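Input: a single structure, listed below in structure tokens.
Per-chain residue numbering starts at 1, and chain names A, B and C are given in the order in which the chains are listed.
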Amino acid sequence: MNHIDLELERLKSKLMDMWDLVEYQLQSGHEAMLKADHELAAKVVKLGRKVNNYDVKIDSMCENLLALYTPVAVDLRLILATLKINANLERIGDTAEGISMFVQQQERPFLPELLEKTNTYAMFTEAIAMFADCRKAYKASNTELARTVIKRDKMLNKIYRKSDDVVAAYLQIYPESIKECLALLSIIKKVERVGDQITNIAEEIIFYRDAKVVKHKSKKKKKANGNDNSENA
Amino acid sequence: MSKKNYKLEAKSLNAYYGNFHALKDINIAMEEKAVTAFIGPSGCGKSTFLRTLNRMNDYIDGFRVEGEILLDNRDIYGKDVRVDELRKEVGMVFQKPNPFPKTIFENVVYGLRIQGIKDKRVLAETAETSLRQTALWDEVKDKLDKSALALSGGQQQRLCIARALAISPSVILMDEPTSALDPISTAKIEELIYELKKDYTIVIVTHNMQQAGRVSDQTAFFYMGELVEFSKTKIMFTSPKHERTQNYITGRFG
Amino acid sequence: MTNSELNRLKDKAFQGFGIFCTLIGLVVLAIFLLNILIDGLGRIDWNFLNNLPSRRAERAGIYTAWIGTLWVLVLSSLIAFPLGISAGIYLEEYGKKNRLASFLEVNISNLAGVPSIIYGLLGLEIFARMMALGGSLLAGSLTLALLVLPIIIVTTRESIKAVPRSIRDASYALGASKWQTTWYQVLPASFGGILTGVILALSRAVGEAAPLIVIGALAYVPFAPSSPMDEFTVLPIQIFNWISRPQAAFATNAAAAIIILLFITFMLNGIAVYLRNKWQKKVKW
């Protein structure tokens, strides 16, 4: 096996290790939220340190690879993508920590009715599933899978946009649970962020494999649709 | 802290060509089974230093050395050291592939022949081992009795490495071993260096900074006969200590 | 006329002049060869090669002369070859580059230009008289060896110098000594050049008459030499002898002998060219 390939393989497997950790944080954060499990939440927060270490390590590995091997083409894209995926993973880990911190302030689990109405459970489960699929896509370099992951983010956004109204309606009935509701709103916002970050990661996977920039495209496309012909001519 | 045992060490080494002070007070310690790269602009003394490590400069009129070079803690410029014994321990590969105008087989076993080894089996076995080590065996096993000059440049250079390995040295010096080769052959040699460092201590002079980055564990930067900086390659290529090193490796020299 | 046209004209003019100069040499040589061939070719037969010299032109042969030439050729190469090559190797590989070396160098070049008659006198004094070899084959061969020695030394040095530094480096780096490097690498690689030089030097020596006359080679030897101590004659002396006779028949003999001598020289040159080409093909750096 080629020497640089070995190094890239090491980098990839390091990133996968970090990915596993973050995935565990996210799942545990979810579980802790459902059960108001303070112990588990504390564990998630504690894991943050380890994730940060990975973050620093992967950054320096990328730095060394760039400095020592002057990679080009697919190798270069892999390292650039890994750098960004690394940053996004770290953010997702932070988010899971943030959720856990809210959980630690919760005295009891969220009311099932509230979770039901806001679709929080579905949203969180979907985010975790997307995250897992994204990992698969990275590992197998499957850009098709990465593209579907990007599309699934719309569902999270929809739930997030509705959540304000849902919670407002709920508060009119149960004004005493204002604190609980605010916490849940924050968590929903955080999960929505997680969805965005997973999307970013998926975009980096596509960039790495297909050398195509897909981020920031969707909006432009709608705007530029009318001008397409003239541009191509 | 225990004192580390280094494979090769230079202590207050000064070298002169006549009146020209070519190496100025070099202190450096190279680890065993690692690749050390020497970089620096032309005429900075890196090649001179490399050639003092197996005393190849002895034949140059007016060349003289002060200080010590220790190989396994023994001064190679000491009175009791025989140059031919030293060179069995410290092999060398040159800038331009320089096979002898002989057959491939004779090239590989030349070092043994001049030691007076005649046993055909020993010669044949050594030739095969060395050629396998350089990943050349499969390419040349059917034409061992053909002229080495018929090989491609990259193959010739690997043959020269095999020739050096045949006398089982522990250190291999490489003086810009890929500067005359195309990129593919260069990549092969670099892979080979990566493999060889498992068993050998390698010192390589290179003009190609990227090559130093790819193959070496430690890098020494020479400038005007002085050793400016010596550190782990990773450190030198990401955060060099000296301004001059930074300017050189970023290509902003002079 | 513009400047560039003028330049082109000058160019053409010089080209024409160059062709003229080259032709002078070639034409003269061609006329000479043709003349000799017309005169002498008819005279060459088996008897001419096998007969001993005789007072009667039509019975005279060059047997003793060409056997003598052959002897001299072999003996002087046996003497000059090892001496010249060893000296060349020493000067190029071992000798320190100091003032003595450059003094030797200049003088060896000078020796190559010393007139051959002076070598003859040297040979007469040292070999013929002091070593009491008289007018023997050995004395003659030694003298001729001396004559070609500087040329052999110079060509040996040139050929050795042409062996790239990298080959020596490779050999030294593998632990070879200077002698091993010279013997296994430098000499084989430069041998073609050395041999070419030696043969060319010998082909010059074959044509020499003057130094041999000085040391006492005879014009008339009624037997072919069979040992280095025998008296001898060589082709050039035989030719010189015949040419100086008044009878026209001897002039024809001389022409025939010249053809044989030229044949030997051309053959030696041919061998030299062949060797050079062969070695150049074998050794590419």
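Keep in mind that, in the parts below, a residue touches a chain if its C-beta (ideal position, glycine included) is under 8 Å from a C-beta of that chain, and two chains touch if they have at least 3 such contacts.
If you're wondering where the values come from, they're calculated on a predicted model, not measured in any experiment.
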Measuring between Cα centroids, what's the chain most distant from chain A? C
Central chain, going by Cα centroids? B
Taking each chain's centre as the mean position of its Cα atoms, how many Å separate chain A from chain B? 49
Centroid spacing, where centroids are CA-atom means, of chain A and chain C in whole angstrom: 92
Do you know which chain C residues sit against two or more other chains? none
What does chain B use to touch chain C in their complex? 54, 56, 59, 61, 84-85, 87-88, 91-92, 94, 96, 98-101, 110-111, 113-115, 149, 160, 163-164, 167
Which positions of chain A touch chain B when the two form their complex? 2-4, 63-64, 67-70
Residues of chain C touching chain B in their complex? 96-97, 164, 166-167, 169-177, 180, 184-185, 188-189, 282-284
Any idea which chain B residues touch chain A in the complex? 190-191, 194, 210, 213-214, 233-234, 237-238
